[in-house]
Structure formats: C-alpha cells, structure tokens
Amino acid sequence: MIPDALTQGQFDTVYNFLSLVIAAQLFTALFLTFGLSRILPRYRLAITVAIVVCGIAAYHYFRIFDSFKAAFVSDSVGGVDGYTAAVGESFNEGYRYVDWLLTVPLLLLELIAILALARKVQSGLIVRLMVAAGLMIILGYPGEISGDNGVRGLFGLLSTIPFAYILFVLFRQLSKSLATQPVSVRGTLSRLRWLLLLSWGVYPIAYLLPLLNIAGSDAWVAKQVGYSVADIVAKAIYALIIFYVARMKSYDDDP
Amino acid sequence: MIPDALTQGQFDTVYNFLSLVIAAQLFTALFLTFGLSRILPRYRLAITVAIVVCGIAAYHYFRIFDSFKAAFVSDSVGGVDGYTAAVGESFNEGYRYVDWLLTVPLLLLELIAILALARKVQSGLIVRLMVAAGLMIILGYPGEISGDNGVRGLFGLLSTIPFAYILFVLFRQLSKSLATQPVSVRGTLSRLRWLLLLSWGVYPIAYLLPLLNIAGSDAWVAKQVGYSVADIVAKAIYALIIFYVARMKSYDDDP
Amino acid sequence: MIPDALTQGQFDTVYNFLSLVIAAQLFTALFLTFGLSRILPRYRLAITVAIVVCGIAAYHYFRIFDSFKAAFVSDSVGGVDGYTAAVGESFNEGYRYVDWLLTVPLLLLELIAILALARKVQSGLIVRLMVAAGLMIILGYPGEISGDNGVRGLFGLLSTIPFAYILFVLFRQLSKSLATQPVSVRGTLSRLRWLLLLSWGVYPIAYLLPLLNIAGSDAWVAKQVGYSVADIVAKAIYALIIFYVARMKSYDDDP
Amino acid sequence: MIPDALTQGQFDTVYNFLSLVIAAQLFTALFLTFGLSRILPRYRLAITVAIVVCGIAAYHYFRIFDSFKAAFVSDSVGGVDGYTAAVGESFNEGYRYVDWLLTVPLLLLELIAILALARKVQSGLIVRLMVAAGLMIILGYPGEISGDNGVRGLFGLLSTIPFAYILFVLFRQLSKSLATQPVSVRGTLSRLRWLLLLSWGVYPIAYLLPLLNIAGSDAWVAKQVGYSVADIVAKAIYALIIFYVARMKSYDDDP
Amino acid sequence: MIPDALTQGQFDTVYNFLSLVIAAQLFTALFLTFGLSRILPRYRLAITVAIVVCGIAAYHYFRIFDSFKAAFVSDSVGGVDGYTAAVGESFNEGYRYVDWLLTVPLLLLELIAILALARKVQSGLIVRLMVAAGLMIILGYPGEISGDNGVRGLFGLLSTIPFAYILFVLFRQLSKSLATQPVSVRGTLSRLRWLLLLSWGVYPIAYLLPLLNIAGSDAWVAKQVGYSVADIVAKAIYALIIFYVARMKSYDDDP
C-alpha cells in the first residue's frame, strides 16, 4: 500500500534512490554505446540488447521519479515536517510491471546471446524463456493490483511456476555451457548465476511483503529502495558483466 | 466518445498502455539504429524507414500521453476515487489520424523496399499503395469527427475501398514475390501477411464501435488498449520482423 | 489578426496541423541524416543544409505549437464549448519571419549546391540569391506587424521586388542548367521549378489576405493550415526531392 | 537596469531575437558536426572547439530565453497592453558573464588552432590569450552588477587592459601569420580581423550605456538586440568562417 | 544548514555557479566525445569513463539546479528584496553523495586506466581503490545528514581513513609509475597529483564547516560555490588533462 505520509528523511531517501537508478541506467547505456565498436560483431546483439534494456529502465525511472515527486506534497517550509499523499496524483506502481514486460525477456535474450550457443539450441531456448518470462509478469499483475490477500497469494503462486522454470533452465543451461566457454570467462559466467538468482529473488520477496502483514511507510520505503538496488544489479551491473564477457571473448577470438 | 469519468483502474490502465507504446516504439527505433550497420546497403532503406516510423509513433504517443494526463483530473487523495474530464483540456483523438497519414504510407514503403523487387514493378507499386493509403486515412477522418452515425458509416465505407485495394495488392504481391525470395525468409514473409491483416484490421473495427452502439468508458478504455496493442504490432513488431528479413537477406547475399 | 475565439474544431485543426509539421520536419531531418553516408561527398553540402533547414523548422514549430497552446484557453469541460484568447499570452506570429530569415537563404543554397555548377557561377549565384532572400524577408516584416493596410501594401510591394528577382534567377538558372544535368534527374529538376513556385507563392498570398478584407477566425485557421502545408512542401518534400537527385547523381558518378 | 515594463512590441522583439540566437547557435553546431569528417585531423580541434562554443551559447540562450519569459508578465488578453516585471522572478543578466567566461577563451583557442602555427609559438599564445580573456571577464563583472557609476567605470577600465592586450596580440599575430597561410584563405583571414574587432567591440559599448545615462526600456531592448546580433556574429558566423578556412586548408594539403 | 533567506545577490551567485557547472560538465563530455576517435584504442577506456563521469555530473547538477530554483522563492518584483525558503520544497543536499558514489570510483578508474600499468597491478589497484572510495562516501553520509556535531565528527573521522588510504596509494602509485611513463607526459602527471590533492581536499573541508561553527547564509553560499569549483576541477579539468595525456601517449605509440 502506498503510505499516506512520509517523513522528510523517508521522502529524500526514496527520491535519492530513484534518481540514482536513472543515473546508473542512463550512463551504463551510454558507456556500452561507446564500447560497442570494440566488441566483435558476433557478440554485438547481446550488448545492443543491454543498451536497450538500460535505456528502457532509465525511461521508466524518469516516469516513476516524476510520479513520486507529484504524489507527495508538503506544507511546511523546506518540507521539514514531512510529506503527505497529494490530491489528484497517484504514485503509479504499475510502471514496474510495464518495465518488466519489456525488459525481463530482453535480459534473458542478452544472456543467451552472449553464450553464443549452437543456433538450434539458442532459438529454442530464447522462445521458451521469453514466453515463460511474459507469463510470469502477466500472471503476477492481477495479484499486485488486488487488495485481497487470497488473490495476491494465488497469482503469486501461479507466477512462480514460470519463474521456477526460468531459473531451472538458466541454471542448467549456464552450467552445461560453461565447459564450452573460453577459460577466461568461465569464472565470471559461473558467478553470474548467483548474481542473477540474488537480484531476481528480490522481486517475489517484495511481492510477498503485504502477505506477511509487513506494511507501513517504513516497509514501503524499504521496498522502493530494494527495487532500486535490485534494478541496478539486475540490469546495469549485469550489463557491465556481460560487456566484460563480450570483451574477453572478442579478444580470445581475435587477439 | 470521450468518457466523462474514469475509475482509477481505468485511468491507470490507459496510462500504462500509452507509456508502454512510447517505450516500445522508442527503443525499437534505437535497436534498429544500432543494427543498421549490419544490413547491406541495398536493404537499408527499409530499415531507415522503419526507424522513422517508430520514431514518429513515439513522438505522437508522447503527445497522446500528455494530452491524456491533462484531460482527466481527480479531486481525491492519491486519485483513489477516480478521474473526471478536466475543464479546458480535451483528449485529442485526431492525433492518431495525423500519425497514420505519415506512417501508413511509410509502412507500405518499408515492405516494398524489403522485397527488393525489380525497380520498375517497385516504383509502380509504391505510388499506387501510398496514394491509396493517403486516401484511406483522409476519407476516414470526416467520419471519425462527425457525431452523426450516417456520416460515420458513409465515410467508413468510402475509406474501406482503398483499404480493400491495399490489402488485395499486398497479398497478391507478397504471394507472387514469395517464389523469388530466398528460402530462409519465405516462411517469415508468408506469416507477415497475416500479422499485417490482423493488426490493420483493428483500426476499422475500432472505428465501427460507435455504430454498434458500443459506448461508455469501458468500451473507450478497450479502444485505447486495442489501438495501443495494434500500434505496437503494426509498427514495432513489424519493424523487427522486417529487420530479421533484412539480416537474413544480407547474410544470404554476402555470407 | 489573431482571433478572439476558436471553436473546438478550429482549435483542434490548427493544433493537429502544427503538430504534423513538427513530425514531418523532424523525421525528414532524421531520415536525411541516416541517408547522408550514401551520398557522394560532393553532394553532401546540399543534404547537410537540408537537414539543418528541416531541423530549424522543427525547432520553430515546437515554439509555435507551445505558443498556440498557451494563447488559447477554454473554460468548458473537455474544451467542447471552444477556446478564447488567453490573458497574458499571445500567439507570436513573428516566429515565422525569424524562421524564414534563417531558412529561405538556406533553401536557395540547397538548390544551388545540388546543381553542382561551375564554382565561379555558383558563388556568384549564392551571394546574389541569399542577399535577395534576406531583403525579401526584412522588407516584408514591417508590413506584417503593421495594423495599417497602406503600410502593409507598400512593404508587400517592396518585398515583392527581391521575390520576383529570386524567382526569375532561379527559373532561368534551373532551365539553363538542365542541359548539363544527368538525364536521370532532368525530369525531376524540371518539375522542382513548379513545386518551388507553387509552395513559395503561398506566403505572399497569405500576406495579402488582410488587404482583401478576408478576416475572421476561419480565414485565420485557413492561413495557419496554408502555412503548415506550404512549409512541409517547401522544406520537407523539397528536401526529399533534393535527396533523390543527390542519390541519382551519386549513382551516375560512381555506379 | 532591467525595465519595469515593456510594450508588446518590445517584448516580442526581445523574444524573437533570443529565440533567433538559440536557432542560429544550435544549428551552426549541428552543421559543423556534420562537416567535421570533411576536415583533415590537424584542423579538427578548431572545429570541435567551435561546436562546443556554439553549443554552450545555445545552452545559455535557452536559459536566458526562459528567464526572460518568466520575468515579464501581462494581464491583458493576448498581452496587447504590454508586460510588466513579474513578482518573484528576475531576468538574470549574469548569465552572459558565465557564458563569456567559458566561450571567450575558447574563441581565441579556435583562432589559434586554425592558424596552425609552430607548436612553440602556439602554446605560448594560447596561454597568454586565455589568461587575458579570463581576466577581462572577471574584472568586468563587479562593475556590471554594481549600481554605482564610479565602480562601473573603474572596473570597465581595468577590464579594458586585457581587452586591449588581446586585440593587439591577435592583430599582430594574424597579420604576421598571413604570409605563411595558403593563398586561398589569406583574404578571408584578413577580413576576419575586422569581423572580430567589430563584434567584440559591441560588448564594452553595451557596458558603457549606463555611464552615458542611456537608460529606459528602449535602451534595454536595444542592448538585448545588440548582444544577440553580436553573439551570432562572434560565435556562429565566426565559426562558419573558421570552417571555411579549415575546408580550404584541408583541400590545399590533400586535394 | 540550508538558510532561511538569501539576498538577491546570494541567490544569483549560487544560480550562476550551478549553471556554470552544468555547462562545463556537459560540454567537456561533448568535447571528449568528439576527440575519442583520435585516441588509440588502448587509452579509450579512460576517456570513455571521463565522458561518463562528466555526463553523470551534468545530470546531477541539472537536478541540483532545479531543486535550488524551486526551494527559494521571492515575493518582490524582480526578486530584488531577496528570497526565502519555499513551502513544500527542499534543497536536496543528498544529491551530492549520490553523485560521488557513482563518480568518485570512476575518477579513480580513469586515472588507473590512463597509466596503463601491467594488467596484474592494475586490477588489484582498481578493486582496492574503488572499494575504499565507496566506503569513504558511505561512511561520510550519516554524518552529513545528522544534526549532531558529535555524530558528524565521528563519521567524518571514519570516512577519513579510506580517504587517507586512497591519497596514499595514488601518490605512491603515481610517483612510482612516473619512471615508466613517456617523457612527454611525466611533468603533466606529476602536476596532476597536486591538482587531485587540492580539489579532493575541498570536500572534507566543506564537511567540517558546521563543526567550526561556521554557519549562516554566507557560509552556505561559499560552500555551494566551493563545491561547484571543486567539481569543475576534479571532473572537467581533470578529464581534459587525462585527455591530453591520452593524446600524447597515442602520438608517442603511433606517431
């Protein structure tokens, strides 16, 4: 639930984290754009998709940031006595789902593309994972917007099925492909599995909070901060690791 | 008819779909821009036109989004009690026709360009299809802005003549040219015909709703969602398929 | 004269046409930018100038659009009862003259550059035509802002002298140079003369309207639509034709 | 002094000139960017600096324009009865000094770079001229913001010392280097001296106006127009001339 | 502490300095982007990081500038009687820490990358310095936002430990590597040590001001000006020096 009031400290914390995400995503996209020409053509699709993902995230955080600023107002000088929910403006939580619908399938594509598996295996994987990702987001949405804990639980459960499937396929696939990857990136790719698991795990946990009766403005602020950090890890840091792998592979193929 | 009031759920749905279209068009254009250098010069016109089309659509959806946000206001905290039509601001439905006037002829050009037919055939087709597309939009407009169902029906009928002509020519042309296309893209191009038919069909159907006495805010929200999805399919997804065909053909010509 | 009131239909018409010009100019500039690398260096000046011209026009139409939106307000829900001139905001007609001062000389440069005449002839022509263009705009301005029909007539007449000179020189020059142009573009360049005459003729005719006692909001709306269409033809369509000529010539010189 | 009131004609004049400068600087920067690849690497520093200078100027004029629009308000329909200074918003004259602090040293660098003198001579000149330019601006500032004519006169005088030094060095240097420049650009470079003198001279003259008891809104409008024209000549036109010289030299070195 | 009131002179000073930083960072980033192609690939990482750093700074100063403009309001015509803290808007000091969290590690990376040390040494240094930089910022933050001088002092002290470590490592490393650097850049790199020390020293000094009981609007204005100048030196000027070193090294490696 969106809180009715925020202290100045809470307001500033959310404000600064949302702005941090904008900067992180935007300038990761810029950095990757400058680096694109140093990647061999065969790995460029992965980096192009990473640029697009970070760009989309930056776009959505611009909207989330503006939505947040409009949704809370203060009537004290300098905002020192805190903020309350504004008349006629709502903080739109749905943006995140719109973002995920576009970026989660692309994040999977990014990973598959950098592994550079055999063409046959690759297109099969892409289709299956992207469909599962779409299902996961779409199934989670009705639970997110419902006020009823039963509905939330049910759709959360349904959404967890494709989620588990994605994690399972990714893990098996990443582990299997490690043997065929150049030595220089094996360690990185292996660690990437854990980064993926940890950052993606944040989203269903945040979804569960209302079921655990964790509410109030502190929980809400924690959720916004959690989402912000998870989005930086799962998109920007992830993209930089993929870029590093692409550089290494480019160097290995054509030193 | 633009509704007098929207529930918060309806407002958020339209809001999120309009924003989704912006992101989809903008970042498809960006993705294609990054990919342009991997397409052989002879197929670049098609991709350049696709970039322009998605760019124009993004521009118009920015305007539609802003127009929507200004046109509905709420006087409850957080907007929870819903929105009503604002004083002095109207949701401008006409934008869509302005968009179509520019993009529909370009979408046809995109397709003709990717087929890379003989120069003679090509320029004849382009002229005839673009003129028909212009006629279709211009004839539909007076019906769209008229409050009278008779006028709407009449101009809808007139507009359907060039529409039918376009579909007929495209289908025949696509089917005929399939034989001369490289094997690697024949399946894709054949399926493209159906995607085109399905997505373009949404527009005249939405136009008919008032004639069928389907009105009210639910119908209006459905129409906005329908337009949004159709615009993503007919421009962004379509562009990505054209890009795929261009990549395949580039590879076939110069492996 | 700027009208005191506009019906919703009139308001929307002007609104949509102004927005159409923005999209047309902006995306023509983008399209030309993508195409620049396919033009031989010797014809690139013409295309670069065309990009700049369309960019400047887009910039000015952004301002005109915002100025228009601020200058008319409505106090009915959804704006259905029409708009009246706003307090404290004026629709700035002068923007067009600022635009012309920059773009009209550049449009002439564009044409001279694409003809690729002998260097001697070329620089003479450029200087004479650009000076005449500057004079034409500067002489027209005092008449445009004057409320007095006599002043308007006088400056209109003075401005027509350089205008006639420009048309005369262009026509003679274009006709003379046709013989030295490659066969592939002769027809196009010959038709370009008429497009130029027709589109440039709109401006002095719109200037004359007040002298002919044609006033009222309908005449004003017609003038805005007329300017919009003329600006699309004289800048964007014109640029695309110049681009086509440059492509043809590039191909002829280096097939 | 910033006037208390402006007629609509005065307001529109300042408005149009400020907007004209934005367009001129922005699109000169764009034009130079497109042209950069046609300049030999050894002359590209000059053009890059010119792009940066015009970009900085465009940025500052965006701010000046917005500041101007906010600082004057009208309470008549369409603004016909004129504008008065707004409550709580001031027209910030200091922007110009911020702009000069960045651009004047760069304008000097631009010129030195295009002359392509011996490396030793060049770096000495750059250091001395840039320091003098910084001094000139910083010394002028306290006079500009002081209400006291004595202070204004004193700092104006102090600022004139580095100003005179710059003009003296430039003139001597330009004249001396003419002999070593290619014949094709000698005339242009010689005329450039005068353009520099004339356009730079506008700034100290505008500074003197209050000392000459020339005040009132007409003088202020004249000053804004004067600054605008001088800024277009001293940055945009100047840049285009430097570009022309760079093109000529590139052609001479590598025809 | 954020002051309750500012004179017009104080307001304009902060305003102009904040805008100066935007222009300096943005156009340094642009200049470096244009220069990137003249740097050998092996030094491009340093310059790309410099572009990203200046871009991030420009982004944050845009936000700081807007925050400042909203946080102080005036009720006198033209703002002549000064400004007071606004209701409901606060000047967000935390932005700077968000900025530092992203840029300080990158500034260190920039320097290590330009030195082009042995790969082993380099990655060790990067990890240690970036971790220390992160610690320094994160430890300083609780002190910055605390109203209690004891807390401020304690966290300031803790933050100084990684700060001292960074300076120590950098100095030793820079001094040690001087011998292996090309002669042409040794002087520059040696001077760079001092520029770094001087500009980075500004931040802890500004942090100390409240401990020294230096408060009031003058001290606050001085702090904003100090931060602005330090940010220009530590990011933009620093980047230009790094660029100069990269150019020299590129020339040495491949004249």
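We call the chains A, B, C, D and E, going by the order they appear; numbering starts again at 1 in every chain.
Definition applied: a residue touches a chain if its C-beta (ideal position, glycine included) is under 8 Å from a C-beta of that chain, and two chains touch if they have at least 3 such contacts.
Predicted model only: the values in this text are computed from it and were never measured.
Undergrad: Between subunit A and subunit D, what is the gap in Å from one C-alpha centre to the other?
TA: For subunit A versus subunit D, the centre distance works out to 47 Å.
Undergrad: Where the CA atoms of subunit B average out and where those of subunit C average out, how many Å apart are those spots?
TA: About 29 Å, centre to centre.
Undergrad: Is the way these chains touch best called a line, a ring, a star, complete, or other?
TA: Its topology is that of a ring.
Undergrad: Take subunit B as the starting point, go toward subunit C, and spell out the full loop of chains.
TA: Here the ring order, subunit B leading and subunit C following, is B, C, D, E, A.
Undergrad: Report the residues of subunit D in contact with subunit C in the complex, numbered from low to high.
TA: The contact residues of subunit D facing subunit C are 8-9, 12, 15-16, 19-20, 22-24, 26-27, 30-31, 34-35, 38, 73-80.
Undergrad: Quick check: in the complex, which residue numbers of subunit A touch subunit B?
TA: 2, 4, 36, 41, 44, 48-49, 51-52, 55-56, 59-60, 63, 71, 84-92, 94-95, 97-99, 101-102, 145
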